[in-house]
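Each structure below appears as structure tokens.
Next, two complexes with chain A in common: one pairs it with chain B, the other with chain C.
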Partner chain A sequence: MTSNLNLRHAIYWALFAGLLFAMPYLVSKGDLRTMIFALYVGIFAMSWDFLSGRTGYISFGHPFLIGIGAYATAILSYRFDVPVMFSIPLAVIITMVASTMFILPALRIKGSYFALVTLAFMELMYQLVQVIRPDLTGGTRGISGVETITRGAVNGFYLAAFLAFCVALFLWLLTRTRLGAAQSAIGMDEEALKGSGINATKLKLFTFVVSAAVAGLGGAFYVHYLGSIAPRAIFDINFVFTIIVAALLGGAGTITGPLFGAFFLTFLLEYLRPWLPGAERYLIYGGVALVLYMYQPKGMYAIAAKLRAGVMK
Partner chain B sequence: MLQIIIQGLLLSGLYALIAVGFTLIFSVGRVLNLAYGAYLMLGGYAFFYVSQTLGMPKLLGVVAAVAVGVIAGLMKHRFIVKPLKGDMVPVEIATLILAVVLQSAVVLMFGDSSKILHSIIPGVVQVGTVSVPYSNVFAMIVSWTVLIALYLFIRKTHLGRAMQAVSMDQKGAAISGVNPDHVNMMVWGISGGLGALGGVFFASYTQLYPAMWVAPLIIAVAVVIVGGIGSIIGTLIVAHIIGFMEVMTTSLIAPELRGVFTMALIIIVLVVSPKGLFGREEIH
Partner chain C sequence: MTILALDGLVKRFGGLTATNQFSADVTEGESLGLIGPNGAGKTTIFSLIMGEHRLNEGAIRLKGEAIQDLPTHARIQRGVARTYQVPRPFAEMTVAENIRVGLTPDSIMAMIFGSSNAAEELALAEAVGFEAADLDRLPNELSMGDLRKLELARTLATGAKVVLLDEVFAGLTVGEIAQISELINEKRRSGMTFVIVSHDLRSLEPLIDRAVAMTAGSVIAEGAYADVIADKQVRDSYLGA
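This part shows the complex of A and B:
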């Protein structure tokens, strides 16, 4: 599979990096802030895609992982004055450990049942965070005044872009290896995978842990960008909705697709703002997502591929 | 003690009603309807609109709510489930999106703030030292009536047997002259109506607010998973387990921990016994 890497891919990635680098010179500060948000959503969507888009184990509880990462670093740095350079890696490790809780049900159940367990995990976390040790988690109100790493939109953008780029490149390279090929086979036929002598359990564990590491990383940096965290902002079904829809509209199973899906969704929401200030936005945004999804469940990636095939003809 | 028993019984009856509509779809249509909670929201708001904004009789409000639920269910079947050919994962995701869309539609029409429903039947009845609102007693009686009627309908009537057949084996049912498509459509309608009816009661129990669909969805999921898909008796038993546990945690431990037990139960049961405690996948 490594032979799949060629010069063309290197050029694409270099162009992508260049575009991200040049972005602050091209767009306004306001758009840049929107992009920061889009990049974080993109990181979460890529994490979701690596787990669910590729293996078919649909997670409705991704905010569970993101929230653990975010809360871990927020508590460490705000309550215990741990420097950010230690608290973030620690948060990622904590998220990876916590993700192994997902693997337990995933060993026995699949499909809808798995989706439901992850949803239950998220709701459980939402309730527990408010009740258990509110002196640490800040209870219902959460924590505000968490140390921010960057000042200003440009720095924030570069940090988010760097993270998103690294995550995308890392996950993409991973899917190009033999490991990645085996991993996507989980989604196709798990029995056949076992039959070909691969340890499916280990492979699943690996997938969950990688996905969790990305989610935890994104969550941790996100909280240090926002400077605050609250249970309802994280463990929220609307947040699940944004992540999943971004991944699906971009193209499930494609890693880079979800990043573009996140940009599309975030900007759709942002550009509707001048015309529709209130709740109408979400109605249109959800409606567009639903229609697009019903029309092409494989996402924009498939639409782009179709268009390209049409042009080539 | 008496208070716990009475509140537990009232709440559990309601939970059983909410869960049974969900289990029907899961069993017959073989898909997880994540927009199920939205029926409750639609039902609650329809009741609010008819009885409190328009000032019509409350009974008419209930009828309107059920009608809205049935229509929503039928439309969901026609425009989402059928085009996606009942594929599990796409339907789950599309219904999740739909739930969010419906929530914002409700915000648009009724605003973000929560509303309090007038009780369906005003007044309270004294049982020993506990005072119980008539509305809640009414909700429990209606829930039980509906559940028993549904049970008899599925067991005794031709249509009910057709539903059983489809839940066991779509192709087999089609061969023996049942049109699975019709049955599916009907079940989506019934499920919508049940959900909306549950929503009227649920909203008068708590409050009417746009995000009210999440909590009952989780409860329905819990009851169905633990009780086993498609089992009406299992639904009834587990609704009582969950209802009583909730009332006991609320009154004996801490109100904030209300749902913790429910989530933990979902996780434990799914891991230990994925088919639920009374599990088969067909309705029975």
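This part shows the complex of A and C:
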């Protein structure tokens, strides 16, 4: 793993850590709160990217994974008084196990069908949490009064930044190994990958489980940041678009790109709020996605790489 | 000793029977030519051996072990691999990266914690006739000859001892044919087993010990190349195609 690292990357990561550390001194409380949201979206977008960015198995139901993690820890801590330090790791494990049971049959289907199936899982989850054991899930209204683990914007920011940084570094390191190359090979020609002697199903399963763990982790911490959870807020198609567009905007398959894509998108939507207060804002997703697809499929990451190449010349 | 035994292979695509009771034995270390007109079922035989298509009937044994129910990757790990009639490189990967995928072990842990071996990648690339400078080239910059070389390198990278080559010479220049022929002969001398499909019979002849001719999914003749090619049924099948 280490052989793929070099000094330049180490410097980038150190700068990034430094920037996150300094952020509360640089921006207003309001912007900091927006950033907390951006960081969680970033975690979700990185999770999405790890699964879909390289393999081409597009998840259209990522909130399904996030929701399992968020509900699991909310129920455990709020209903059963499980301490957060246990409920969050449990929630991550529950997300990995439960979602894997759902996804196993779906790993054999390809392309748009996979997207449809994951979307269906999300819808199914939306219905289920409302009708099955509403005494636990809080039904349509969800649960409020979930224990929060940070107080104030600064602490909330540091926790989210720490999580996002760790997730980014972890997934980035993973994709720089031969695992990442094999994931890309799935997206390019899965048959030829099998023809190279690699068990593509096992690889997809591992990729899915890691993605689910990250989504569950993000979802669990997010619910303990917000202090509440409701089905319509999580299992929402606009939330799916937020995640996917952030990932595409940042650069699919690059891991770090989607984190920056999440920042860009979140602030773009935030600053547009005075002009576009309602759901029309989501039209922006379509527009952004279309322009990107036409002009720069690899997103901001590719633009940054080009700039860097230009500066180096 | 028989290394690969094909026993009564039947494959139907809907109403079409692509292979019909096809049987053949491949001896360890030999090079077998599989010939027949377009649509005879040669590529289908390869896909059946690799598990890319499911058999309707029959059995496939590799070193005595029945492999017809194993998934593709498990068959490759037991020592058989193929090239494709239409080369299938990983389009956005360089020559070196394509070979790297072939060398990658089928273990998540090894993928993550092991590292790639540049020397081994270069050695394989050079073995099929690439130069060090070619390692960073992308498939869309390669000629058909280079694509077939890459296909071969990736197949050899899996460590297979039985190699199935589908239309190895299609689209190649005379020089490229000579180069690939030389490589195959070198590998034959080192004990590798080949099954080779080619329409270019003239180029195929010096590379094989024996030939099997098939048409409409079944074997019609087998034996020494000269005898097979002189067979009336074989001649008719080519004329009819």
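Heads up, the rule we're going with is that the second predicted complex is superposed on the first by the 278 of 313 C-alpha atoms of A that agree within 3 Å, B and C clash if a C-alpha of one lies under 4 Å from a C-alpha of the other, contacts with A are read in each partner's own complex, and residues count from 1 in each chain.
Note that in this section contacts are C-beta pairs under 8 Å (C-beta built on N, C-alpha and C of every residue); 3 or more make two chains touch, one makes a residue touch a chain.
Here the structure is a predicted model, which means the values were calculated and not measured.
When the two complexes are overlaid on their common chain A, residue A:Leu26 makes contact with neither chain B nor chain C. Contact with chain B, but none with chain C, is seen for A:Ile244 once the two complexes are overlaid on the shared chain.
Looking at the shared chain after the overlay, A:Ala181 reaches chain C, while chain B stays out of its contact range.
Residue contacts after overlaying the shared chain place A:Gly286 against chain B, while chain C stays out of touching range. Shared-chain residue A:Leu128: touches chain B; no touch with chain C.
Number of chain A residues touched is higher for B, counting chain B against chain C.
The intersection of chain A residues touching chain B with those touching chain C, taken from the two complexes, is empty.
Chain contact summary for the complex, chain B toward chain A: residues 31-32, 80, 83-84, 88-90, 92-94, 96-101, 103-105, 107-108, 112, 214, 218, 221-222, 225, 254, 256-260, 263-264, 266-267, 270-271, 274.
Listing the residues of chain C that touch chain A in their complex gives 50, 52, 71-74, 76-77, 81-82, 84, 88-93, 97, 100-102, 104, 106, 108, 111-116, 154, 157-159.
Listing the residues of chain A that touch chain C in their complex gives 1, 3-4, 174, 177-179, 181-182, 184-185, 188-189, 191-203, 206. For chain A in complex with chain B, the touching residues are 56, 58, 60, 104-105, 108-109, 111-113, 115-117, 119-121, 123-124, 127-128, 130-131, 237-238, 240-241, 244-245, 248, 278-283, 286-287, 289-290, 293-294, 297.
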